[in-house]
Structure formats: C-alpha cells, structure tokens
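Listed below are the structures to be examined.
Below are two complexes that have chain A in common, paired first with chain B and then with chain C.
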Partner chain A sequence: MIEVQELRKRYRRRDVLDGVSFTADKGRITCLIGMNGAGKSTVLKAIMGLVPYRSGTIRIGGEPPSPAVMEKIAFIPDRLMMPGGMRVREALAWMQEHYARWNPARAEELLAFFRLDPAARIAQLSRGTEAKLNLVLGLSRDTDYVLMDEPFSGIDMLSREQIADVFTSELVERRGVLLTTHEIAEMERLIDQAVFLDQGRVVRDFDCERMREDEGKSVVDVMREVYRA
Partner chain B sequence: MTNEEGWKDVAFNSRDPVYLQVVRLFMEKLVTGRLAAGQVIPSRRELASLLKINPNTAQKAYKEMEERRLIVTEGNAPSRVTEDAGVLRGIRAALVEEAADEFIAAVRRIGMPADELIELVRRKYDERQGGGAHD
Partner chain C sequence: MMHYLKLVRMEVHRFRYVLAGLAGLTLVLQLLAVWLTTNQRLSELRESNFVDSGAQFSHSKLSFTFILYNTQFMYALPILLSILVLVLYVPGIWYRDWLGRSSFIYRLLALPMRRATLYWSKLTALLLFVFALLGLQAASLPLQWWIFRAMVPQAWQAPSYLSDIIGQNKVLQVLLPANPLDFALYYALGVLGVLVVFTAIIIERSYRGWGVLYAILYVLACTLLVVVPLPLLGTNHNAMGLYPIEVVTIALTAALLVLASAIWLGLRLLRRSISV
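Then we have the complex of A and B:
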C-alpha cells in the first residue's frame, strides 16, 4: 500500500498541499480527483520524490522512499518524455536499458493491445497515440504500483476508450494503481476508491461501490456536491 | 469458450452498485434463456473486460451470485450457471414480481380499479401474443 500522511507543501506563499492523507492499496484502482490546481499532480510527484515537500510522511509497502523502494513504482507523467526523433522501438529499448523490472514480453503485448507501430517516429504520433505509448512505457515494468498523471487529458474519445480498457485487463491485475483525473465520468465504473482534493486538502475519500450502495450516489454526483459550493 | 455476443454494450447506470447490476443482468439472461442451466460463464477477468467494469466489482458480483446459488464454481473449474431448477424458478418469480411492483406503482397514481386493470392487462397481453410478439 502507498500511504500518504499529512503531506504539506508551500509554493509561492500558497499551501499547495495542506495536510493531505490517504492510502492507495495494491489490487485496487485509486483515483485522485480535483479541479486544475487542486494539488493532484503535486501529490504524485511528491510520492516519486520529484518535488520537495515541507512535512508529512510517505510509505511505500510500509517503507520510506529509497532508490530500492522506488523501483516498485512506475510513474507515467501526463506527457511522454521521449525525444521526438526516437522511434517507438528505440523508446522501448531505452526504457529496458535504464529501468529495473522491464518486461519485454509485456511490452510486446501492450504494443499489440494498442496497435502501435514500432517503427513510427514519436514526433509523428497523434496526441492519443502518444498517450498510449506513454502508458506502454510505464506498464511494461513489473512494478507493484503504477502512478498515472491525467492519462485521459487532451486525447480523442476512441483513444480514451482504449486506455480505459487497460483498467479492466490483466495489465493492472494485483497492482496498486493511483491515477489523477479531472474528467471522472469515463472512469466512474473502473475505479475502486475516489479521493477528492480541493485546494490542497482531501475533502472526500470513499469506496465507489459502497457510495452507490449506501447513498445511491455516483462519483459524478459526489463531485457536483463537492465543487458546487 | 463464451462468445462475446450479449455481453458488450450493456448500459449500466452509475447510481446503483455495479455488482448488483451485474447480478441482475445474469438473472435476466437466465430467465430469457440467453444463458442456459449449466452453461459455462466468462471468467471474472473476461467479464470485467467485456462489461468494462472494475475487476474487483466483477469478483464481487460473482461472489454474490455464488451466495445466491445462481452460479457454481467447483475448484479451479470455470464457473457455471446453476442447474438447480428451484433456484431458476425463484429467479423467474423474483423478476416477474419486481416488474409487477413497478407496474402497480405506476398505475396506482392514475387510480384505476383492480378489475378494470386486470382486464386491460389480459387484453394487452393477448394482443401481444397474437400480433407477432417481439423479443
């Protein structure tokens, strides 16, 4: 499990994270939901050690972050970080060389799943195809956890549907997935746990099926409640 | 093993628990004969992919159906629809009763005497039977 406790961060005299606490369990899909600027991406980056924070604790499988522990997590940023001149095949080779737990068979499977052309140059990919390749690079590692920052933003509907299919497949089975989004509607039936962030704070944190069962509310209903105020 | 027909494009609502909507889908398939007694059903994983739902939700739906004895899973064998005629009759009765409750709730607001209503239902039902029933 990934545990975040009382995470605080100030940036330009603003509390970007104002005591954020939640957990993301293995074998479950946890979604950080919030408007732009709510602090979602900052939380992921703090877990990955990519941004400093003022106080709070982060535990991954019970352990504090360290290079060895971080190998258990794959981080998929909101945009592909590979140079445009590279070919898809070369990007995979680069990942294999630089990252632990690379699974070549899984990578091939994912290329086929998304129907990506290994010979294509990254600069020539559409925004949706680029997002798929970004996912291939992250999911091809045998990590316990996968963090995804806005996997759906700015891409066409068909690509979004294909990406959503990842969450129902064995590609994420038994792993802990933590993703951020501000467009929850298409994730409604795919996620286990919803954590709403607003102005650097967790305002709601619930099991989606239990919310439907106990209160008859969809995740979108709760979202309206939270942000209408 | 299991064809994909009939599992795709199922419309779920987002306010009822998804696992109960899955159970309901199976019940409807059973009473309409689209699933036969003893038939092998998709694995939990397959069902999650087909219905585009969370795999844990599919798991929960299967657990619920096992508890209600709608499906049986023996050891590592794939899950099957029950062959227990009593259970199958029970599902049928439950679905018909539910439909009747909904119908009554709707017509009560209009306020028609039960006798007239029954007569109307009988006439409409016969019309359907005679005039090329669909489904």
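Then we have the complex of A and C:
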C-alpha cells in the first residue's frame, strides 16, 4: 500500500499541498482527480522524491522511500523524460542497465503490442508514440506499484484506446496503480478508488463501485458536485 | 558501485563527440603549428647559412625547444579552447539534464540508488575528460618532436630535453608542471572549483528564484575563503607576522573547509531539496 499522510508543500507563497492524506492499495487502480494546479502531479513527484515537501509522511509497502523501495515502484511521468538523441532500443537498454527488476520479455511484448520501432529516435516520435514508449519503460519493470502522471494527456483517440487496454490487462492486475488525470471520462470505467483534489486538499475520497451501488452516482457525477459547488 | 560505473560510462558516452573534436583539434593544430614554425625557421636558417658561408656548413642549429617557444599562440589555442569547453561543461553536465520539456533528470533522480552516486559520477566524468585531454597532450609531444626531427637535417638539430620542452609554452607550463607538488596543487584547486560550482548549481536547482542569489553568494564566500590566504603563500614576511608554515596551514585549512562544506551541502541538497 502507498500511504500519504498530511503532506504539505509550499511553493511561491502558495500551499500547493495542504495536508494531503490518502492510500493507494495494491491490486487496485487509484486515481487522483482534480483541475489543473490542484496538486495531483506534485503528489506523485513527492512520492518519487522528485520534489521536496515541508511535512508529512510517505510510506510505500510500509517503508519510507529509499533506493531499495524505488525498485518496487515505477513512475511514468507525463512526458517521456529520455534524451531525444536516444533510440527506442537504447532507452530500453538504459532501463535494463539501471533496474534489477527489468523484464526484457515483457518489454519486447509491449514493444510489439504498441508497434514501436526499436530503431526510431526519441526526438522524432509523435506525442502518442512517445506516450506508448513511456508506458513500455514503466510497465516492463516487475514493480509492486506504478505511478502514472496524466497518461492520456495530448494523445490521439486510437492511442488512447490502446493505452486504456493496458489498464484492463494482466500488466497492471496485481499491482497498485496510482494515476492522475483531469480527463476522467477516459478512465471512469477503469478506476477503483477516486481521490478528488482541490487547491492542494483532498475534498473527496471514495470507492467508485460502492459510490455507484450506494448513491447511484458515477465519478463524473461526483466531480460535478465537487467542482461546481 | 555498478550504478556509479554505468553513470560514468553514460556521461562519457554523451560527451564523446565533443571530446573527440577537442582531441582532434588539439592534435591537428599543434602538429600544424610545429610544422609551420619548423618550415619557416628552416628556410630562415637556410637563407642565413647560404648568405654567411655559401651553404658549406651551418653555424646555427634548430632545437625542438626553440620551435615550441616560437609557436606560443597557435600551439596554446586548442588547449585554451579545450579548457573553455570543459569549464563551460561543468554547469553543462548538470543543466543538460533539466533542459527541454522532457528533462532526463526525472529518470536520473528516480533511479534506485543513493543520489550521491549521480554527483560522483558527474565529477568522475569531468576528471576523465580533463585527464584524457592531458594524456593526449603528453602523448602528442613525442609525435611533434618526431615530425621536427623528420623535417630538420640532423646536422642542423640541436638537442632538446623534455623538461625544457614543456617549459617553453606558458600554457603547457601550467598544464603539466614539472614539480609533482605543483601538479597536485593545481589539479586539487581545479577539483575544488568544480565541486563549489556543483554545489552552487544544486543550490540554484533547489531554491530556483532565490537560489540564484544564494548560489552567487556561496561561490563568492568560497572564493574569498580560498583566495585570501594565497598571496601570503611563499612569503617570509607578511603584514600579520605569520610564519610561512602558519600561512600554509591557514590556506590548507580554508581549502579543506570549503571542500568539505561543498561536498556536504551539495549531497544534502541533492538528497533532500532538489527539484525536477
């Protein structure tokens, strides 16, 4: 389980995170939902140690973040974050070189699934192809948790469908997935837990299935309630 | 350890074309400088010998030392250019990872390793670049000497000695000092400078806007600490009435203090405060 407790961060005299607390369980897809600037990406970056925070605690599988824990968690940022001069195959080799839990067979499988050209240069990839390679790099590691920052942002419809298929496959089945999005329509049917963020605070945190059963509301319905209130 | 070696290899790989370019330029320009100067001096010598003695025998000779002394600018140019590129690459080796929308620093900081590994790998890569170019410089001297010997008739050759050869070029003197203590001192000061700049960059990357000011103040403070005792070194009498050994101790303590604080602060900020 990923546990985030009372996470606070100030940036340019603004509370970017103002006591954010939630958990993301293994085997479930948890989605951080919010408008632009709500603090979704900052939470993921804080979990990965990519931005400092003022106070609060983060635990991954019961342990505080450490180099060993980083082997258990894959981060798929909103951009590919690989040097443009690299070729696809070199990016895979770089990941394999640095991660003990890299699964080369899965990488090949995903490469074929997304029809990526191993010889293509990263700088020449389209936004959609870049997003697919980003997924390959993140999902080819045998990790317990996967963090994804806006996996559908700026991607064409066909690529979105292909990426959405990943969420229903065995690739994420037994892992804990924590993702952010402000385009909930794409993800609604896939997510188990929704955490709504607004101005650095958690304003709603619920089980999507239970919400549908108990109150007959979809995630989008709750979203309208929260953000139009 | 494996992460460290892999990161060093990656840094070397990323800089390989620039390094090869600098090495090639140094080799070609210095050989050209030696060839042109030898040619020029040779024709002057031929002319003077012909005028003086009807080309029966030569009364003056050419030495490789003399040739190097007369190639000052062209010979030093690639060395100075290499130094400039490497100095610019000290901040470059960090900032290139933040460049663009797809900044590689995300991947580097998220690697399952202690972040100090990244810091040491970048320092090691820079040292490798410096010593690779230095090694090439040292290795190219015998080649240049060989070309000189091939061009100048044996009868016109005056002997040269390696220690004298290096002393002929002002830049070479600093780059390859004859005294091992001087060598250690120059390069230790260089490493200290690199580490101070590393820390300044990490300060800036940690605090961004205000970080620029903090970084400038930090560099100024370190420079003052290291530079102030230096003019007193090697003097027997100074305004403060200190013995030479006391001045050396002060200078060394100041440098060690700056070194230790640069490493400590840099690594601490890299671990706790740096931001993508």
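Operating definition for what follows: the second predicted complex is superposed on the first by the 229 of 229 C-alpha atoms of A that agree within 3 Å, B and C clash if a C-alpha of one lies under 4 Å from a C-alpha of the other, contacts with A are read in each partner's own complex, and residues count from 1 in each chain.
The working rule: a contact is a pair of C-beta atoms (placed from the backbone, for glycine too) under 8 Å apart; a residue touches a chain by one contact, two chains touch by 3 or more.
This is a predicted model, so every value here is computed, not measured.
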When chain B and chain C are modelled together on chain A, clash or fit: fit
Included angle at chain A between vectors to chain C and chain B, based on C-alpha centres and rounded to the nearest 10 degrees: 160
First, second, both or neither for A:Glu173, with chain B first and chain C second: first
Contacts of A:Gly84 with chain B and chain C, given as first, second, both or neither: second
Partner chain in contact with A:Leu50 - chain B first, chain C second, else both or neither: second
Touching partner for A:Ile191 - first (chain B), second (chain C), both, neither: first
Touched partner set for A:Glu209, first chain B, second chain C, both or neither: first
Which of chain B and chain C A:Asp165 touches, first, second, both or neither: first
Chain B and chain C, minimum CA distance [Å, superposed model]: 29
Chain A-facing residues of chain B, complex: 12, 14-20, 45, 48-49, 51-57, 60
Contact set on chain A toward chain B in their complex: 27-29, 164-165, 167-170, 173, 188-192, 209, 212-213, 216-221
In the complex, chain A residues that touch chain C: 45, 48-52, 67-68, 70-71, 75, 77, 79-84, 94, 97-100, 122
Of chain C, residues touching chain A in the complex: 3, 6, 10, 14, 100-107, 109-114, 206, 272-276
